[in-house]
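Just dropping this structure here.
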Amino acid sequence: MIDIDQQFAILEQRISGTWAEILDNSPLARSIRTGEFSKELYMIYMLETYHYTSHNARNQALAGVAHPENPVYMKFCFDHAADEAGHEMMALHDLRSLGHVDDDLTLPAPLPSTETLIAYLYWASKNGNPFRRLGYSFWAESSYQYINPLVGKVKEKLGLKDSQLTFFVAHSAIDEEHAKEVCNVIERVAKSQSDWDAIGETAEVSLRLTGRMLDEVHAEYQKLVAGLPSRYASVRDALFPTR
Amino acid sequence: MIDIDQQFAILEQRISGTWAEILDNSPLARSIRTGEFSKELYMIYMLETYHYTSHNARNQALAGVAHPENPVYMKFCFDHAADEAGHEMMALHDLRSLGHVDDDLTLPAPLPSTETLIAYLYWASKNGNPFRRLGYSFWAESSYQYINPLVGKVKEKLGLKDSQLTFFVAHSAIDEEHAKEVCNVIERVAKSQSDWDAIGETAEVSLRLTGRMLDEVHAEYQKLVAGLPSRYASVRDALFPTR
Amino acid sequence: MIDIDQQFAILEQRISGTWAEILDNSPLARSIRTGEFSKELYMIYMLETYHYTSHNARNQALAGVAHPENPVYMKFCFDHAADEAGHEMMALHDLRSLGHVDDDLTLPAPLPSTETLIAYLYWASKNGNPFRRLGYSFWAESSYQYINPLVGKVKEKLGLKDSQLTFFVAHSAIDEEHAKEVCNVIERVAKSQSDWDAIGETAEVSLRLTGRMLDEVHAEYQKLVAGLPSRYASVRDALFPTR
Amino acid sequence: MIDIDQQFAILEQRISGTWAEILDNSPLARSIRTGEFSKELYMIYMLETYHYTSHNARNQALAGVAHPENPVYMKFCFDHAADEAGHEMMALHDLRSLGHVDDDLTLPAPLPSTETLIAYLYWASKNGNPFRRLGYSFWAESSYQYINPLVGKVKEKLGLKDSQLTFFVAHSAIDEEHAKEVCNVIERVAKSQSDWDAIGETAEVSLRLTGRMLDEVHAEYQKLVAGLPSRYASVRDALFPTR
């Protein structure tokens, strides 16, 4: 027999352990804590956030398309996908609010680590244990406790208003509700130990891939501020024209 | 400039003309009107309805996965998919209510014409004009005006209660709301003549393929009652054991 | 135990019976036999042939992607897909040879019945019995015995050279080899009665959908020559400018 | 104008630089060089190789399904997929040759890093620049110069015969031919700088993901020999029953 509370505790621990490892070793987290960063870092981060977020509703829906056996789960996937649709617009809005963009902004392609995260999420949505994409939702919808301190530092240092942080502020309110729904549906659909293991593994893997994205964001930031060739040069120039 | 009212009128006319053609020539409709049918016909019809309905939420969601450009449309696709999820259970319920099935009922595979309809709906959801699957929803969600007279005859002749007609009764109430939403979203997303044409063509094609399914349902019914080999024999025997 | 020779005989009979039904009732076949047609008919037919042929290599490959269990079958699917790649160019070449097209020819979208055939072939390649797409190859690769008499009539009446019939002439030579390979692989992979049944059903269904395409080609031809609005008017005008 | 020789030189350099980085830092490579490993390491490596290899033909074919614009490329994809089909059987054969497996061997699921590689290859095959999967083939088909020294050490230390190294020995002969074909097709299809950049990025990313797989293989090996819980314990016990 599965003890649901115990399984959630294991899952929670796995996630908090992974977060601790990521935040301890992340050059991005370190540079935010020490204040050694500028709005270019936030720009790059928001761009990559825009990219992976723009796929979340779609791979969430795909999980339902691929796994029709359990109607409760399928309905959740579609409902949740509807809720996630368009959230990337918040990331884009916040990005644009950093500068003076009048109209179109040509966005650089996602970084390899962002694309790897996206690829993994589509794969995990379609293949393997039907419920494992819930592992991604599980940590992503309740990541604000880990991220908020950093967001606070960014806000302060860059002098951002709440209206420039819609992705985090508005989103975190929405996601609180989602986090509950995710736990709810996990409780209803995860029946076997292998369901829980699959949810746990996909949670950890997708979080680690997100960690790698943070690393690469920071590396790109360093290239950009060092004047090295960077795929972000043109966005930076559009957002922050130096006159 | 597109005149929306005119476009809806053209669409409406295309659908009502196609329905008229189908109902005039359908051996199934004829046998219902003349009362020359038994519960085996309803059984076969409900089985095929179960099959294609079980794919509707999924191909609806796929339309959103494949067409992320318009967030309004994407969100509609996922929302609508969530609403459609599990509707096949009503068809299955009504089917089982016809007989004395205690437990599992092994369902025969869909008929070729049912499978062709399913295949077309997945294809149209993923390929071609992004909005064209709305053409299917457009007629399907408001098909009750065309079907209800026949359903009434079936109910009367077979002595069915409302509780045995959940797919039609409950569903038709739900779908009234859906029909409005579908018109709404068509109005918001269909911008060009080619959008409207694509919606119209997909509407007509999917309705004609449904008509072919009705023809094949009737042909299978005739085979079954004539004692010819039929993929429905085992369900019939399970539902209606002759003692 | 499966008697392979008997199964092939049943399959062969099912196909020849279906061909007979199609050719007996096909307005297109009738008008070719009676000579009541012009090059516009061949133009429309070749255009639709171009459309479905351009998907054959892809849905053939998809059958292998979707069904990796049997390496012999998977390898066949990819090999055969490689062989089919680009065959639509022969249809396009023959179409262009009818007129004076100097450069680009804007092709109208496939007819609904052509698209339905395409949709069904993708669906059958990905879903259901893994081997059933072989049913399509089975009849398609050996269809020349049924079609050649009609092609001969078309050639004679329109005064076409062999170099204008590459799709049929070259293709039929290639396909003879393919037909053998298809039988070979069916023999190697079809183990159960349900394999053979699935191959047979997909063969018949895809042939009937092709028959419907022929019907619609003829109906479009009649619309075109009657001066009614037609999606072929612009190609006709490009190919056969009347001076 | 693109200078093809220069582009190949850049690509070559990118790959050799990435290989150098991986091999310099890889705990797996180090332990092979120092001889600190046992057949369990090779077992785990071969298992993961089996997993990703079993997807290579399929994602290669999918690249052709998704990118029909260039018939030369599409044909290459299908041809190459046919050549790759079943190669995982060599990995499985070599794995089984290590021990006394009489019949079925239940394989553990792929490691997260292996699954991430697989996910990325499907994604890159279907999305983004049509030709970029060639980047993976480019380094994978000519990786033997980098790997052979290590394979030699493994062979010597574990006392393996050539017949137990079919994946490497036979494969490397086959792949020499493939490597030429890959260069050939890159030359024919890569027209723009962005084609070359996409091929280069996908090459580097897929190689780095392979490097991560090597890291995780080594980490799992350490867990296994340390007696920690491991998904490889049951295969080890089946292959190497200690009596």
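Note that the chains are named A, B, C and D in the order they appear, and that numbering of residues resets to 1 at the start of each chain.
Simple rule for what comes next: a residue touches a chain if its C-beta (ideal position, glycine included) is under 8 Å from a C-beta of that chain, and two chains touch if they have at least 3 such contacts.
Being a predicted model, the structure only gives us computed values, none of them experimental.
Two copies of one chain, subunit B and subunit C, form a contact in which over half of the residue numbers belong to both partners. Inter-chain spacing, taken between the CA centroids of subunit A and subunit B, is 39 Å.
Mean C-alpha position of subunit A lies 29 Å from that of subunit D.
Shown for subunit A are the residues in touch with two or more other chains, of which there are none.
Every pair of chains meeting the touch criterion is listed here: A-B, A-D, B-C, C-D. Interface of subunit D with subunit A (complex): residues 109, 112, 115-116, 118-120, 122-124, 128, 201, 204-205, 208-209. The touching residues of subunit C, counted against subunit D in their complex, run 54, 57-58, 61-62, 64-65, 68, 71, 74-75, 77-79, 81-82, 85-86, 89.
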